[in-house]
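Encoded as structure tokens, here's the structure I'll be asking about.
By written order: A, B, C, D and E. Residues from 1 in each chain.
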Amino acid sequence: MIGVGWFIPEYLLLAGAFVALFAEWLFGRDNAGAAVGAVTATLAALAAVLIGVREPAFSGGLLELDQVAVTVRVAIAVLSAVYLLWLAARGTAPERSREAAALVMLAALGGMLMVSARDLMVLFISIELATMPAYVLMGYRRDDARSLEGALKYFLLSMTTSLVMLYGFSFLFAIAGSTSFARIATAPDAGLLGGFAALFVFVGLFAKMSAAPFHFWAPDAYAGAPAASVAFVSTVPKLAGAAVMVRLAAVLVPGAPSLLAMFVIASLASMVLGNLAAFPQSDIRRLMAYSGVAHTGYMLLALSAGTASGNAAAVFYTIAYAVPSMAIMLIAAEEGSELDDFAGLAARRPAIAWVSVVFLLSLVGVPPMIGMFGKLMLFTAALEAGRLALVIVAVIMSVVSAGYYFRILRAAFFADGSSEPSVPLSLSSTVAIGILAIATLGIGVFTGPLFRLLTAGF
Amino acid sequence: MTLLQPVGLLSFMALSAVLFSLGLYGALSRKSAVMVLMSLELMANAININLVAISRFSAPAELTGQIFAVFSMVVSAAEIGLGLALVIALYRQRKTVEIDSMQELKG
Amino acid sequence: MSETVSGVVFLAFAFATIGGAVMMLATRNVVHAAFWLLEVMLATAGLYLLLSAEFLALVQVLVYAGSVAVLVLFTIMLTLRRREDAIRPYEPGWAAAILATLFGAAVLFAVERFASQLPPGTMPASVPDLALFGQTLFTAWAVPFEIASLVLLVALVGAVWWSGGDGS
Amino acid sequence: MLLSAIVLLPLAGAVVSALVPKDRGDIARWIAAVVTAVDLALVVFVALRFDVGAGMQFVENVAWVPQFGISYHLGVDGISITMLALSALLSLVAVVASWNMKTKPAAYFAMLLLLEVGMNGVFLALDFVLFYVFWELVLVPMYFLIGTWGGPRKEYASIKFFLYTLFGSVFMLIGIIALYLQTGTFDMTAMVGAGLSESFQWWVFAAFFLGFAVKVPIFPLHTWLPDAHVEAPTAASVLLAGILLKMGTYGFIRIALPILPHAANQWAPFITALAAISIVYGAALAFAQTDLKKLVAYSSVSHMGFVMLGIASGTVEGLNGAIAVMFSHGVVTGLLFLIVGMVYERTHTRMIQDVSGLSNQVPVAGGLLAFASFASLGLPGLSGFVGEFLTLLGAWKSDVPAVWVVIAAIGVLLAAAYTLSMVQRVILGTPSPIVSKITDLTVREVSLLVPLVVLTLVVGLYWNSLLRFTDPAVARIVELLAGA
Amino acid sequence: MGYVAAIALLPAIAFAILVPMSNRVRNKAVPVSVAAVVISLALSLLAFAQVWPGGHGGEAVYHASVTFATLGSVDLGVGVLLDPISAVMLVVVTLVGTAVQVYSLGYMHRDARIGWYYAVLSLFTAAMLMLVLSDNFLQLYMAWEVMGLCSYLLIGFWHEQVAPRKASLKAFLTTRVGDVGFALGLAVMYKTAGSFDFQVVLHDFAWAPAAATTVSLLLLFGAMGKSAQVPLHVWLPDAMAGPTPASALIHAATMVAAGVFLVARALPIFEVSGVALTVTMIVGVTTALVGGLLAAVQHDIKKVLAYSTISQLGYMFVALGAGGLVAGMYHLVTHAFFKSLLFLGAGVIIHAAHTQDMREMGGLAKKMPVTTVTFTIGSLALAGVFPFSGFWSKDEILTILWHEGHYVVFALALAAAFVTAVYVARLWFRVFTGPTQSAELKEAHVEMLIPMGVLAAISAFIGFGSPYFAQFLGHEGEWPAAAIALTSMSVAGIGLALGWWVYGRRTKVINTRPFKQRAGFVYDALTLKLYFDLTYDYFIVRGYGRLAEMLSGFDRVVVDGIVNGAGAVWRSGTEVGSLIDTYVIDGAVNGTASLIKAAGAKVRRIETGHIQAYQGLMVAALVLLMLWFVVKGA
């Protein structure tokens, strides 16, 4: 088993999860689990970076660490580490955060496996492993009916679509006679059934990425769930989902070219619906849910290009979306998730206020933040593939998005709210948000190395 | 009668399609969360039939289909467990399992 | 066994599964629906035997018939405050019916088109025995097996978390 | 390294100034003053060592995202050196003008310095992505300057300003990407010679036109300017009118004309028409205003109409005239806004009917306001006349439809009308009750205005002080236009 | 010869010194400005001496220039060009300028802002000298505009009152209308000839008639604005609201003459396009006639002189239109002297009578002998009576007209001369003869009388130099033909007689009251006897009066109406403009914003909260996609 060493990050996360489960007895403090989790996740990230690309597929072609897999694994590990660091500081009061830390690590583990899966079976199991903790995290406040209702909606809709996806997998298996991507890619053209199979698979993935018209669960689930878990669920699983979509698109699109048209439809629906519905929202979580739908729309725009640079841009853009929106949700978790909880933030915590400016502007796509470079590469790929009309819609919609993102800014800077800090200033939560800020600004300015990593993958 | 001619992969896949559609109907129409979960189990079952049939007819030696079916069963078992725990927790708060009553989150 | 499964037995099991499913959806009593689900599970186990997947049939009976059906019954019993709550109002849900039939028809059409291209009627004779199943499961597919165990762990943690809530 | 210092020094200043504790506002003030002064010194140093004949100089080119051909590419030539000098000078003037800013001074001066980074960057960038980064970077500090320290309707004005410009610039982004796909690089200088097909050029020019027209602003897209000006604090108004408007026209001269020469010629009649309308429309509305700042804002629309007229003419005189108007409008309107701001600090009203008879009560302020007004209406001997006359000359000389040039010439008359009607009511006549109680300008304030006055006179009397830099660069662009 | 540039720069330096001073210091620094203009006068005389033998045929005695702008291959410069025409103008401007500045010492000594007055005067003199000395049309245009500013500042000097403020704005804008034409003329010149320099444009470049016509008509339009020719004359009468010495300098001698000087300079281009010359002549003669008639009706003494200036300028345009550069310039020179004399005299009269309305004046001759003598010399010169300069220069113009064969214009010019004589007589008799109505009439201060004396002397004797003046400008000149001289003299005589007849004998009317009590019946007889007078009065005087009234009504209603109407239209245009801005464009912008918000609200309602609704929508989407796949046969 030569490749065992390659999956040290996964083992680390697994160990971290177990330790987190029994943190109270081992370390006495409830949040210790999250702290341990943060450490293991950072180590996992380091290990993933060190291992880097490994050519021969592991264990008979089930898992393979190519360029995209490594990049997204590192991103997942880093984001999970930052999230756990933040969790260690504040926890998910009033509930205890041991289980949350464990679930986060298991979800991250699932995400990592999803990304490197090269076989339908491994992919299906890892997707389940990645989304199951999300159900629990969304319903984490077990004695709050709203949170549970959100979780139930998420559970039922997600279950239906993953069963449809599984049905699609079975058809792929029927056509190719095997579940490995390589064999499926080379399978003879299977006509209508092949089309249906691809359609079912992507319906499942669209639901995971909350792309319109399969996004209905997201606004309700996010609004019910505690802002802390939304921060994780709306970002890390999406990273893994994007990587899987890119890989499956590369495998399935040659067989079913009208898939690209489906991406266009989904992208258009997501961008328009996401941006417009976000306008009248007053609850930050619901607003960020619709913003998630919109940004998935932009990502699908890159996928609809169907070219290698388009796929690379899609993955890069999802990272460019995940980092700032996790930060915004963490701030919302600290300050309170209603828009007027943000009022007077500039007076209370000027540093956090100015940092939220960086995050919001990155989501709008204003340079020099990472969002702009994401959009730049995305539009380049889309224009190269001739998607001019869609790019114009995307461009107009990103201007519209400035409208509702700035309502958060206006509340923070120009509305006057209570001036004493609502939550004691804890070091590690500020460090966590700080890391995200540097990532948003930093990556924006040093896009070179990150993008070299990605484009090499295709 | 077509039914009597040798039973090939087509009939199994047809059976699984019918079963899947019935399950889908159940998931879409039933008001009680438990009934929806049961319909979802039905759909999972259909998929397993499909997998095993394909494995049997196209590549029995590799057994991939059957193994896939096993894992699918494991997953759906885990899902139903989690789903029912969620339904019971929600019942404890709302004293009902009717999906229609769950409209507090909207807009 | 002949190169194809004998028609009659297949028909029997097919009728059992589809009939069970229809009855499950049609009955107005939730408890009866649970029993009908149990019946469908057993019928599919039979089908597996027909497809000479003995291990699967065994697992089907154990996992689905045994634990899943029982679990559903438990949940129903727990969430019924009064006996007559079990009787649910008749709810046809025509829109859902139309959508489901359309979906089914489309898939059937696709499957029929796909199956017609396959080489006719040949069903490979040799069927690997149980030992080979075990061996492949734990060599070629060891990784998914591990992941499956993690999925069960997550389900366990989630179920305990939601059912807990003793305010510790 | 010099140009990077010019751009990044204010960035460092902004960061340091932001970290200054809230109660020690005066440190932030001094940081800003020192940083802008040093920046100005650097710019002057560059200007002195600038060899007029040679094209791009002090070029810095470091690969940034090689796969896409994006590079950190700075350079300065005849046109950008003038705008850079204007930007550095007005930034220093803006900092000194808001010397006794009381509310949140640390953040205020940080925003001013960040604004300077964006402005200097735009004039120096030779790589499209870098240009776009600085172009958008300017929006953020200006949004906060208007939004936090602005007047009563500041929120509406600031968000309107941001969305208007963002709307224009995203289409510019599409143009930039289209150019990249066609030429394979984001480097402006490399694209100059690229033989782009005519229909392609037309479409890309349309995208750029939308982006730049919002910023200039040209007639239908100008309604953000009066609101932004009225609500912005004095220093922000000076920079908004002085520099931000010029980024649009600079964009035309640096990007649209040299890279898309054929499209520029095709679009010239349309742009001339819009320019003429902007001139007359701006003058008409300036005449009807009751608020001094709004009057100056609309006058800016009219003046920028002249710049567009010069650019559309595509002749040596026209383009030199356009840059002359850009430079002189920056200095003169800066002067106007500073004085109006100082009067506002004393009378707390900008309504023209409440403020009259300045020359009797505060002769220095009245005199300087009169001087600035005459410079803005284009009195020969002052810098206003240089640009207006050259643009008219260039426009007439080019083959642009003559009727628009006549309308623009009438615009000069209308400029005299609204400026003098303002001078009549505000400076001349008997002092109004409010004015009779105010004190004259302090030494600090006058010392702030004197350099601008001297600059207006120098450029007005000795035109070559400005044209020496711009003429060779313009000659190159005119060759490209003639060639297409 | 470097000092020639100093002539223009000295007053400019004086202005630069005076401006930064505070009001108090500046009021005491007035001598700086006077000294500057006196030195300039001396230098101008020296330069004149340098050029004296004259007859250089137009090429420059001294020419130096500095380039201040290079545009590609074209160099734009500021230069100094000394040739006979500019030498003459130099002397005229500096002489009248010095006279006005000395006179103002007395006239304005009590004013609080005399320092600022002198600063603007010296800036004005500098600009006029720069214009005269300029060697290219661009420099001429720039000096032209700076002069417009100075006239604005001087007319609106007492800006506390409303009338001067309105008049100054009207003056600046009307002249600015002319300047638009001038600027366009320069643009056309630049496009065709490629440069502004006199050398290139006037001599080297071969003008095509069409281009020459457009350029000259545009330049003429600019000149009409500045020299207040009909219809752009409306600003000059209102400009009388400024201080009288300023009017003397600006609205008599220099600024208004700038238009004539421009046409004189550009005459070679005018000559290439015949059309321009005839247009100039027509404009000139109509203005001369209309100006004269309007002057005859005014009651305000300064308005009379203003309209008289308009009329005399018309004369100069006629001369230039007929191709008579010498006649035009000569009339310009003589007019500058006697008109500034009349204005200064009017200043003294107004100071003494404390009113500008002639009907309240009378009998000043007895109390103010020096003023009367000087004013009379000026009036006679204006009327064109034999020994005085006006006669000679007007005569030159009439001979040119006769010589060139423009008989109709000749007749009209004669009619204008007749009208001029009438209003001069009217003015003279109204002011100097008749009952003295204001009490203490005393002679003006000495520093006011000396300049008037000098100007009177010049107006008297300069007439005799007309042939020498022609040679000086490089053309052969001889004494005017006797016949034409006699006709113009007789016309002037008749005019004066009519004036005396109507206004001179008023003594009888005014003091009729004491005479009536004593004479009783005799008085009635006398009046009866005079039926002849009444009828005569009724037909000629009343007819003449009615014509003049109608004309001034026309002037007020039609011409001024148009100008004010344009102002009103413009003002309502701006109202409509701001409405468009706030409602149409902003309406659209805010409209889209609220549209997006409304769309958002509508889209938001899809999230009904029902799980089954969500499931239904999702599966519906799925089925739709499947059907689409089936149709497309992917």
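Please note the rule applied: a residue touches a chain if its C-beta (ideal position, glycine included) is under 8 Å from a C-beta of that chain, and two chains touch if they have at least 3 such contacts.
Quantities reported herein were computed from a predicted structural model and do not represent experimental measurements.
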What shortest step count links chain B and chain E in the network of chain contacts? 1
I need the common contact partners of chain A and chain B, sorted by label. C, E
Heading the list of chain pairs by contact pairs is B-C
Specify the chain with the shortest distance from its C-alpha centroid to the centroid of every protein C-alpha atom present. D
Farthest-lying chain, centroid of Cα atoms versus that of chain C: E
Work out the mean Cα position per chain and let me know which chain is farthest from chain B. E
Quick one: chain B and chain D, Cα centre-to-centre, how many Å? 67
As a quick test, compute the distance in whole Å between the mean CA positions of chain A and chain D. 42
Where the CA atoms of chain A average out and where those of chain C average out, how many Å apart are those spots? 32
What is the distance, in whole Å, between the centres of chain A and chain E, each centre taken as the mean of its C-alpha atoms? 79
Which residues of chain E are in contact with two or more other chains? 604, 607, 609, 611-612, 615-616, 619, 622, 626, 630
Identify all positions of chain B at which a residue touches two or more other chains, and write them in rising order. 9, 13, 20, 24, 27-29, 31, 55, 62, 67, 71, 75, 78-79, 82, 86-87, 89, 99, 102, 104-107
So chain A residues touching two or more other chains come to 121, 125, 128, 132, 135-136, 139, 142-143, 148, 152-153, 156, 160, 174, 191-192, 195-196, 219-220, 281, 403
Any two chains that touch count here, so list every such pair. A-B, A-C, A-D, A-E, B-C, B-E, C-E, D-E
Could you please specify the touching residues of chain C with respect to chain A in the complex? 106-107, 109-111, 113-114, 117, 140-144, 147-148, 150-151, 153-155, 157-158, 161-162, 164-165, 168
Sites on chain C touched by chain B in the complex: 2-7, 10-11, 14, 17-18, 21-22, 24-25, 30, 33-34, 37, 40-41, 44, 47-48, 51-53, 55-56, 59-60, 63-64, 67-68, 71-72, 74-76, 78-79, 81, 88, 91-93, 95-97, 99-101, 103-104, 107-108, 111-112, 114-116, 118, 120-121, 123-124, 126-128, 132-133, 136-137, 141, 144-145, 148, 151-152, 154-156, 158-159, 162-163, 165
Chain B to chain A touching residues, read off their complex: 9, 13, 20, 24, 27, 33, 36, 40, 43-44, 46-47, 50-51, 54-55, 58-59, 62, 64-65, 67-68, 71-72, 75, 78-79, 82-83, 86-87, 89-90, 93-94, 99, 102, 104-107
Which residues, counting only chain E, touch chain D once they are in their complex? 22-23, 67-72, 74, 76, 141-143, 145-146, 149, 152, 156, 159-160, 165, 169, 172-173, 176-177, 179-180, 183-184, 186-188, 190-191, 570-571, 573-575, 577-578, 581, 585-586, 589
Residues of chain E that touch chain C when the two form their complex: 612, 616, 619-620, 622-623, 626-627, 630
